[in-house]
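Chain nomenclature is as follows: A, B and C, assigned in order of appearance, with residue numbering initiated at 1 for each chain independently.
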Amino acid sequence: MTPEIGHFALALALALALIQSILPILGAARNDVVWMKSAVWTSVAQTVFVGIAFAALMTAFVTSDFTVLNVIENSHSLKPLLFKISGTWGSHEGSLLLWVLILAVFGALVALLGNNIAEGTKARTLSVQAWISVGFLSFMLFTSNPFDRVFPPPLDGQDLNPLLQDVGLAMHPPLLYLGYVGFSIVFSFAVAALIEGRVDAAWARWVRPWALAAWVFLTAGIALGSWWAYYELGWGGWWFWDPVENVSFMPWLMGTALLHSAIVTEKRGAFKSWTILLAILTFSLSLLGTFIVRSGLLTSVHAFAVDPERGFYILGLLAVSIGGSFALYAWRAPSMEGGGLFKPVSREAGLLVNNLILATATGIVLFGTLYPLFYEALNDGQKLSVGPPFFNAGFIPVILPLVFMMGLGPFLSWKRANVGTVAARLKWVAVLSVGFGLVLWYLVRGGPILGYLSLMLAAWLLFATLREWALRIRLFEESFRVTMRRARNLPRASWGMTIAHGGLAIAIFGFVGSSVWKSEQILFVSPGTEISIAGFDVTFTGAEQIRGPNYVAERGTLSVRRNGEDLGFLYPERRYYPVADSSTTESSIRSTVAGDLYASLAQPASENVEGANVWTLRILYEPLVMLIWIGSSLLVLGGTISLTDRRLRVGAPRRTAASQPAPLPIAGE
Amino acid sequence: MRRFIATLFVGLSLASATFAVEPDEILPDPVMEERAREISKQLRCVVCQNQDIDSSNAGVARDLRLLVRERLVAGDSNAEVIAYVRARYGDYVLMSPPLNGATFALWAAPFVLVLLSVGAFVIVVRRRPSQQPAGLDEVEQAELDALLAPTKQDGNTS
Amino acid sequence: MRWLAFAPLLIAAVIGGFFLWGLDPDRDPNAIPSVLISQPAPAFDLEAVAGLDMPGLERADLVGNEGPVIVNVFASWCVPCRAEHAVLTSLVEQEGQTLFGINYKDKPEDAVRWLNELGNSYARIGSDLSGRAGIEWGISGVPETFIVAPDGTVLYRYVGPVVGDDAVQTFRAALRDAEDWQPEAGT
């Protein structure tokens, strides 16, 4: 019964979305307040019904209802509860339901929290949001119904892919989708503004918290996915430039550009059409990701079940939403320019450079990701690979200047910055970071120049960010009391920027340290084997069989010492899941800020290794890798703090009555 | 039709029971082994979804790793080893596509995009005031400032 | 500058066109074209399978046959090879094709047992214990089947088992084309 309720709730949600997609926007055109207000209840009710459907599917998973096809294919009665729950979004259908739920939730949040938004803008935005809902709800109902039944039901399920049975990966899709789909609301705001024909400071301020929230979730989602790949895949890498990673990275890059460009639109009224374009692009790239992951268009390490019919449907959705919004943009945007002038050295110019670099980087990733497809189409089915060497060579040199700009930018004043003042303020930062690079080179030696250069730039960013913060609170210039008061009164948005920029600097230390100065040993071990790596003395003492709820495992024990001091044990496991008939490696990691000692165990593949007491051990030392996760957490924290800025919640300017909904032509303001 | 059969998370089977590089593959000479790893990272595992042979545990990947090491021991340069594999598996096997007529667009893209960005910067920054639609006049600007001003007070009172 | 506002739409449309092309159900994103087609067969020299009363296989055996020959890469540990074996056998017994085998990374005793059980219609079988000949042929898995012209030119490659009506028909058509094939003058 529950699955039918879920199915029915989805159909109702579609009906509500249809109403919401028409009524409010008509109301805005006719200035009919009741019609406009209908967006509020429809979006809330739509959320409730999608929520019911989601709860129904989750119930089916938790109670192991094997009459439901989706549960059979992705669950097993012995699976731990947490992974029964996460199994809800482990398949194409279930994850799509989660996608639609988040879409509806964001719409409802705007409906309920967006009291400061002009009624017309809000109505239009929510209608546009409902258009997306209609598209995806019908996609789900017509091609990917998660509630399909099977009769007679089998005795048990086929289990979820064991690699997905992991806490990190259980949480990864929800966070990622909160990010991807969160940008839908920004997209809807942009399309509404294009329909309405005006963009102003108020619009930028309404959009900013939603963009920021989506960005925070996307950052967390990507970082979590990267962390999962690091500890679960068994070879200690955290980024592979796989198409699926790239399609999550591109909206992040564009979203980051959007956050910064919206500042200029809000504070100076410039970059209007650019900000709108970024808002559309960010969500378009999220949709592109959904399409690529679910259509099987590109070969990737992780893809859902592939079905061309679904591919065509999503491509149709893309054509309508992206094509439609770009067409609208081409029509309306040219009349939207305007805003303050600025000099080549100014905060605006700095943010412009930031945006251009991010756009260039996105372009490179996009082109590299899609090039194999282009090549195949244009060369008669010949194939080509575009792998990490291309992305590293294209992306890193483009993005490094951004690190420099991030340090410099906050020192530039709006309109026109005084080069002398800026140089004076950053003099010691420059000296310190260059000094840091040289000392590091003197101490470490080995490794590529690019590694030292990157670390020097990261140091520059960190020092410059701290310097800017110190200037703001007049650290050491005034009494401690004054400094404290200034720190307290510093806007949350400034705190957010300081923390996020500092976080990125710290993450760069992790990126570089773990890629450039990683050491690795791969060897056969049997009880008693001693290994020394990066100053650690590791002894393999043996392995034992253990039994988990739905798997069996071999668990190795490694004792770790350094300079004769006992540092504890590592327990890498190799798990076998009989139902799914597949194995996973569970690496064991000793993490410190200085570096991770990382061990993973496997059975020897080689035919010529005999004896039951021999295993293959891969042991790695990755310096500073923890800084990636600390830095990412700071990015998330900075974004969150910025989100609590009072300016985003209250006091956002209402448009004056005179400029209320504009049946006027869209001339410059 | 083959695509129907394809992948329910097939690719995710990449972390399986065995590792990519096995201890018995490793060359005694660390410098040569380092070169072998370097080369392996540039060669794609042809049966895998999107992996280099260095990180793949597929049988063919292992054979290729052994081959790479054998060629190195036989005195081949890195480029010769890569050319050897490429002659048998085609350009597809190269993680970094070779520069030729059909890939020129790919390798040129970063440069073109950077140039476009530089051009965009110059154009935006050098815009003449006369080209601008009139911005806010002073009265409007004052109004706007007044509207935006409460934030500062907010900051101070919180 | 007005035309510039159309740039995103144009770019999106172009990319969308490629996507539409890519969704063609007949396109297999994972298929890799062989570089060997229309090239001379690679050099290789394989010993006979130990314990099997049948000669080994080398490059020279592919040249100078009366018609095109089939080169099948197989192994006893490969499950789909079992089904394919019946198809290849019927091609030999009913249509008189010549079938050569490359026994890929297989223990000789397993291969012998497998052939004794299923019958052996190969004319020659080379034992590729190291998998090196497999690399020379650029194979990505087992089974793979090639058609080689009398002058040693590789004409066709089939990846995966030749099993099922579609596959067998495709393969037969390739065989017919191979029989009509004439070496180009000067090559």
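Note that in this section a contact is a pair of C-beta atoms (placed from the backbone, for glycine too) under 8 Å apart; a residue touches a chain by one contact, two chains touch by 3 or more.
Just so we're clear, the structure is a prediction, and the values are computed from it rather than from any experiment.
Chemist: Just say which it is for the chain contacts: an open line, a closed ring, a star, complete, or other.
Modeler: complete
Chemist: So, comparing C-alpha centroids, which chain is the farthest one from chain A?
Modeler: Centroid comparison gives C as the farthest chain from chain A.
Chemist: Could you put a whole-Å number on the gap between the CA centroids of chain B and chain C?
Modeler: Whole-Å distance between the two chain centres: 32.
Chemist: Mind checking the centre-to-centre distance between chain A and chain C? Centres are C-alpha means, answer in whole Å.
Modeler: 43
Chemist: Measure off the straight-line distance from the CA centroid of chain A to the CA centroid of chain B, and report it in whole Å.
Modeler: Averaging C-alpha atoms per chain gives centres 17 Å apart.
Chemist: Please set out, as single numbers or ranges, the residues of chain C touching at least two other chains.
Modeler: Within chain C, residues 25, 27, 29-33 contact more than one other chain.
Chemist: Where in chain A do residues touch two or more other chains at once?
Modeler: 296, 299, 308, 374, 382-383 - these are the residues of chain A that touch more than one other chain.
Chemist: Which chain B residues touch at least two other chains?
Modeler: Chain B, residues with two or more chain partners: 3, 6, 49, 90, 92.
Chemist: Touching residues of chain A toward chain B in the complex: what are they?
Modeler: Its residues touching chain B are 73, 161, 163-164, 201, 232-235, 237, 240, 242-243, 269, 296, 299-308, 337-344, 349, 352-353, 356-357, 359-360, 363-364, 367-368, 371, 374-375, 378-379, 382-390, 393-394, 398, 489-491, 522-524, 574, 576, 582-585, 600, 602-606, 608-609, 616, 618, 646-647, 650-651, 653, 656, 667-669.
Chemist: Help me check something: in the complex, which residues belonging to chain B touch chain A?
Modeler: 3-4, 6-24, 26, 41-42, 44, 48-52, 55, 57, 62, 90-97, 102-103, 105-106, 109-110, 113-114, 116-117, 120-121, 124-125, 127, 129, 132-136, 143-144, 147-148, 150-151, 154-156, 158
Chemist: So in the complex, which bits of chain B are touching chain C?
Modeler: 1-3, 6, 46-47, 49, 59-60, 63-64, 66-67, 85, 87-90, 92
Chemist: How about chain C: which of its residues touch chain A in the complex?
Modeler: These residues of chain C touch chain A: 1-2, 5-6, 8-9, 12-13, 15-16, 18-23, 25, 27, 29-33.
Chemist: Residue numbers of chain A touching chain C in their complex, please.
Modeler: Residue positions touching the partner: 273, 277, 280-281, 284, 291, 295-299, 308, 311-312, 315, 318-319, 322-323, 326-327, 329-331, 333-334, 370, 373-374, 376-377, 381-383.
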